[in-house]
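Shared between the two complexes below is subunit A, which has subunit B as its partner in the first and subunit C in the second.
Now for the complex of A and B:
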């Protein structure tokens, strides 16, 4: 009995003091592995990794245009990252961000092209309508989860396909009027939006638009929600211990619904902003990477919305830089994409658990050998 | 006695799960060709001990001998090799497969090394069935059969695997009285044929009927092993539920007020649609402590969940709180009306183990009492309320923003109890308030409970410690198998008398 008590004391002590080290260790190991693997992949294409890194930074911080490009990519990363982390934090596995982005983008594209409104109002209408479209699309998995007990893990993922083909159908068959009418005209996109709906740039001559400050604002709002408000407190508790919250009197069903809607809203806004800010029209399937980028970013940032901003920036540097590396050094830009996702895998490893198990075994062995 | 006469010898078996010591240096000797019963409350360590014998778990310390030879069991195949078979409480059968497939699965007779020799398998099964007087339809699907047949399938399965020592974990809990007699006949037949049976249960009557030897476990320790012929229900009951150290509470005179909680004809089913609370009625007055004593799993959990609005009762049930019908209301409404709840499962329901001390401390408080703002968290108020709990209940912590996992189990318990006690609630449902905490803290929490009741708060106390219920309650109810029985006012009945009611002994005769 005495021995076993000692065993737990040792374990407890370890768990408390070393958590910070484990975090440092986790990111440290991931970054080292990332650099090693990255160098290998780049070298395998006959390029020196150091010059590749130099080109990557030239392509991102080398000029005003390049930096604007980084901010242009940071915005959707923050938004989808926020949409994912807001959901995951409350225990809702919304994997349907891609679909919600697509619907938001489609609605914004259509309203941008066909409505006639004064400039500022037109932008506002497009963004808000896009957000609502994403939100309504998230109602489907929410209802399936709450009233039919179907795991959102599967429904949201499947609904991504539905969104993809639905918007594609609407673009080609309804808006473009089908094959007979348009013949050779580009049918992969809705008509270009009107000037009044175009999101203005914040750095002239670059592709950095108002999307960046809006994304920052939303990320800060989410951080505020979770850190300062009662609703946010309840949502966090629901995500971390459902039974605890239920016993404590939190309306769990309502919380789930709120989260689905909020996550869908942010994703929808992301889609709307991308369409009116960057592409100026809705391209079918444009969101292919957006959903999983957001999920990956949220995972690396450990669901903290402020960390989401930082991770999104790094993500955007890699994204924008990889294109420059491809242009200058003929390194396939997918190399960087591969590395980005491998980094997520490294971060996802349960280092604490591995270390715990190792310690446990060591202590047990010492007990068996009669040292304790 | 000759050493070879023991089928199983377990020495110094110790097993820890996290901070819980499920088995603490247990010595168990089982005679060959006998029925050896192991009794104890849920959580006493019976199943862990048997899982160690059948290699579901490896022990942290201790050694096992089978048939006089010391063995090291590494995995469940080792256990099968040494002739140990276990009939689990939850049947381990594939519902979509036939009885035949379930029996041979993993231990098929083979042709040419790769093909199943169905004829040989069927012959072997039929031979076992005739020699042990069992009969099951081999071609039926498991999902189409009643539980009493499934149990025979499980027994047949372990016999097919060549078991000489058969462990049965709570085998009667799923059976009807007729089914139980059938099972007992089968057990007697098996023993006569030279098999050894280890029978796990917490039902005393059955144990006395079937067992030759009885071992009592309590809190992970072996209390006593005694021959069934030389004991009775009274002795077993006090061994099972009695405490070594009897603590004394400073009980005050009862000043009962108006009826606060009234439960009428309450029936509750669990998630498997099994009725766990069977037509219960009782009431609790302001200032009164009503204690419910019972062996774990007698339906207390479902009763409490229904009262607090966590589980919907069956139609016809009625729960009134403060003259309002609350049968269909949820926990939020209960809290708003001034009902507090200390859950038994403090890690699962009492705290958020991923969060901080204050996050756990304000749960419920933030709804029923709230902050000055309806939207924002008021960190000053949070700090004040958390500090109040910490101070009044002597919770050892460094900062309110510390991770709650840095607190010991006893301090977590004090935090949860304090949270519910300091909210000016008018009624408290308290489950096992002193589970797993040290003696000093137990007396402290007891004093608080008596204190709070004397201020006019109604208390429903559900505890698995009989002594706790007896020390604190003005009125005692014994719960057994989903029903409650009046067990007298404070100090009226002895521990043995209440213990017997809790274990279903003489229940019908007594009332």
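Now for the complex of A and C:
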């Protein structure tokens, strides 16, 4: 009797107090390892890590322009992160965000270049059409999964490659062929979009566009969906325990489809916004890494939309800073990419599980020694 | 146009290319089938293959022997699979996210290593990288059709097909294979039967690492003798697809790999025609989806459903 009481107490204590410590420990350990490995990687290229860090911060917070650049990178990170967290939270393994971003970007680029519309409407049309393109592209794996029981992680991954080649084909062969009339030379991109379709900047003189507040809005909307609505709760249930939610009367097929469409829509919007906001034209293959960045951000943020915003900001600081570090100190910008993914690895470790195992061992030891 | 497409699609040289192009996918798929059957979804094939590509080139460059290159490659594959195992089995990390992190960092790390060690960007080639030499089988020389099809391949090509049979025998005719399948199907039952579940999962994971890295060696040290940035370009994922379609049966894997190899051979031969290259390059990836689709037709019930 006494023993079970004691055990219960230990368990209880773990739940109340140690969760915060575990979280702190998790990110603490990851950051320390990140800094250590980063220093090693930077030193291996013959550069002093401290000066590299200084350059990184100068390149991100040093001037208005630099900070604008950070916000510019934050927007796509939040959007792809949101697209990934929506999907993964409901148990849908959408690894095809890159393809959906590409298609959304392509459609927005084409509409931006060829449609004649008043400014605000033009932007709206481009973004929404981009979103719909991404959404429709997500329908393929969804249908294959629901009707033919084909696991979506393979189909989405293959559809990334298909989207890449498809947009390349459309840009280079279909569009470029008819565009010689326009004095169009660059085969790697669609023509520049019209002025009416360019997303306005929020800080004048920088590359920070309206994309940032839009991304914030979408992230908050998703947080609201999951935390405050019944539909969101159902979707979360589907992700956490499919069998339970099926027995409980959740229409799993419908929620599965909804998630796929929503994830594709956000990814498509991300592509559209990137194209009309930053590049002003669709560059083939501009979305390399966007998808896996999004999935990694979502994972670090533990699939929480609000945390996605914070992680995206840090991710963007590293991304914008790495380019500055490469320019000033000739440190390869891939160094930062590598470190980002190594950080993902460290965060993926289940520290709570390790802690539990350690606690178990301690209790077992005490039982063996006759204390309990 | 249509005629020449048909003629090229069924030419003997296309089938010969199929045999060559299937073997790298075969190595990874057969090795990985054990990992798959042990019940662990592992998507780090791309990472293992890319590291092995780099280290095979490095080994061959340093020692001048393709076999040493292969040893370097296998060592790197072993290390990556051990990292995966440590993360997933020992530290309970999510297998999907570990796979993604390994895959995505592999591109950066191999490129960075190329810059640091060889001092070049993009791609690296040198006379000092020694590849495997094609083997000439004398008795095949006089048979017209088979000579083009089977002769003058490197030793790894033949080994890949031997591996299929070996893989089938190990998987279905030995206690080891039975235990691996048992561990995957019902770990609790396997544990009750006295099988060390963890040990079998680790062994199958390391098998995957070793054989997938031979795929990487094959990609670099047969013919082209070079390493270029992200040179695997989805071949690792093809291994995974083959396993998933064949549900880990080595003989079915052979069929699927031949199909994938054929679609890649089509990319090579049809690229010489005036068809847009982007459309041709799409073939292997569309083929994967089509094969999955045909394979999935039998579970089509007319209504949408998710199997629990």
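We take it that the second predicted complex is superposed on the first by the 331 of 372 C-alpha atoms of A that agree within 3 Å, B and C clash if a C-alpha of one lies under 4 Å from a C-alpha of the other, contacts with A are read in each partner's own complex, and residues count from 1 in each chain.
Keep in mind that, in the parts below, a residue touches a chain if its C-beta (ideal position, glycine included) is under 8 Å from a C-beta of that chain, and two chains touch if they have at least 3 such contacts.
If you're wondering where the values come from, they're calculated on a predicted model, not measured in any experiment.
Of the two partner chains placed by superposition, A:23 touches none, neither subunit B nor subunit C. Judged by the touch definition given at the top, the superposed model places A:233 against subunit B, while subunit C stays out of reach.
In the overlay built on the shared chain, the residue A:159 is in contact with subunit C alone; subunit B does not reach it. Legend: residue contacts after superposition of the two complexes on their common chain; A:51 is shown touching neither subunit B nor subunit C. After overlaying the two complexes on the shared chain, residue contacts for A:149 are found with subunit C alone; subunit B is out of touch.
Once the two complexes are laid over each other on the shared chain, residue contacts for A:256 go to subunit C alone; subunit B is not touched.
In the superposition on chain A, contact of A:63 is made with neither subunit B nor subunit C. Contacts of A:243 after superposition on the shared chain: both subunit B and subunit C are touched. Put simply, more of the residues of subunit A are touched by C, taking subunit B and subunit C as the two choices. Residues common to the contacts of subunit A with subunit B and with subunit C across the two structures: 243, 246. Residues 1, 4, 7-8, 15-16, 228-234, 236-237, 240-241, 243-251, 364, 367-368 of subunit A are the ones touching subunit B in the complex. Per the touch definition, subunit C reaches subunit A in the complex via residues 43, 87, 91-94, 96-98, 100-105, 108-109, 111-112, 115-116, 234, 237, 240-241, 244, 276, 278-279, 281-282, 285-286, 288-289, 292-293, 295-297, 299-300, 303-308. Residues 41, 44-45, 93, 95, 144-151, 153-155, 157-159, 161-162, 165-166, 168-169, 172-173, 242-243, 246, 252-253, 256-257, 289, 292, 295-296, 299, 332, 334-335, 337-338, 341-342, 344-345, 348-350, 353-354 of subunit A touch subunit C in their complex. Subunit B meets subunit A in the complex at residues 14, 16, 18-19, 21, 24-25, 60-61, 308, 310, 330-332, 334-336, 341, 343, 345, 348-355, 359-360, 362-364, 366-368, 371, 373-377, 403, 405-406.
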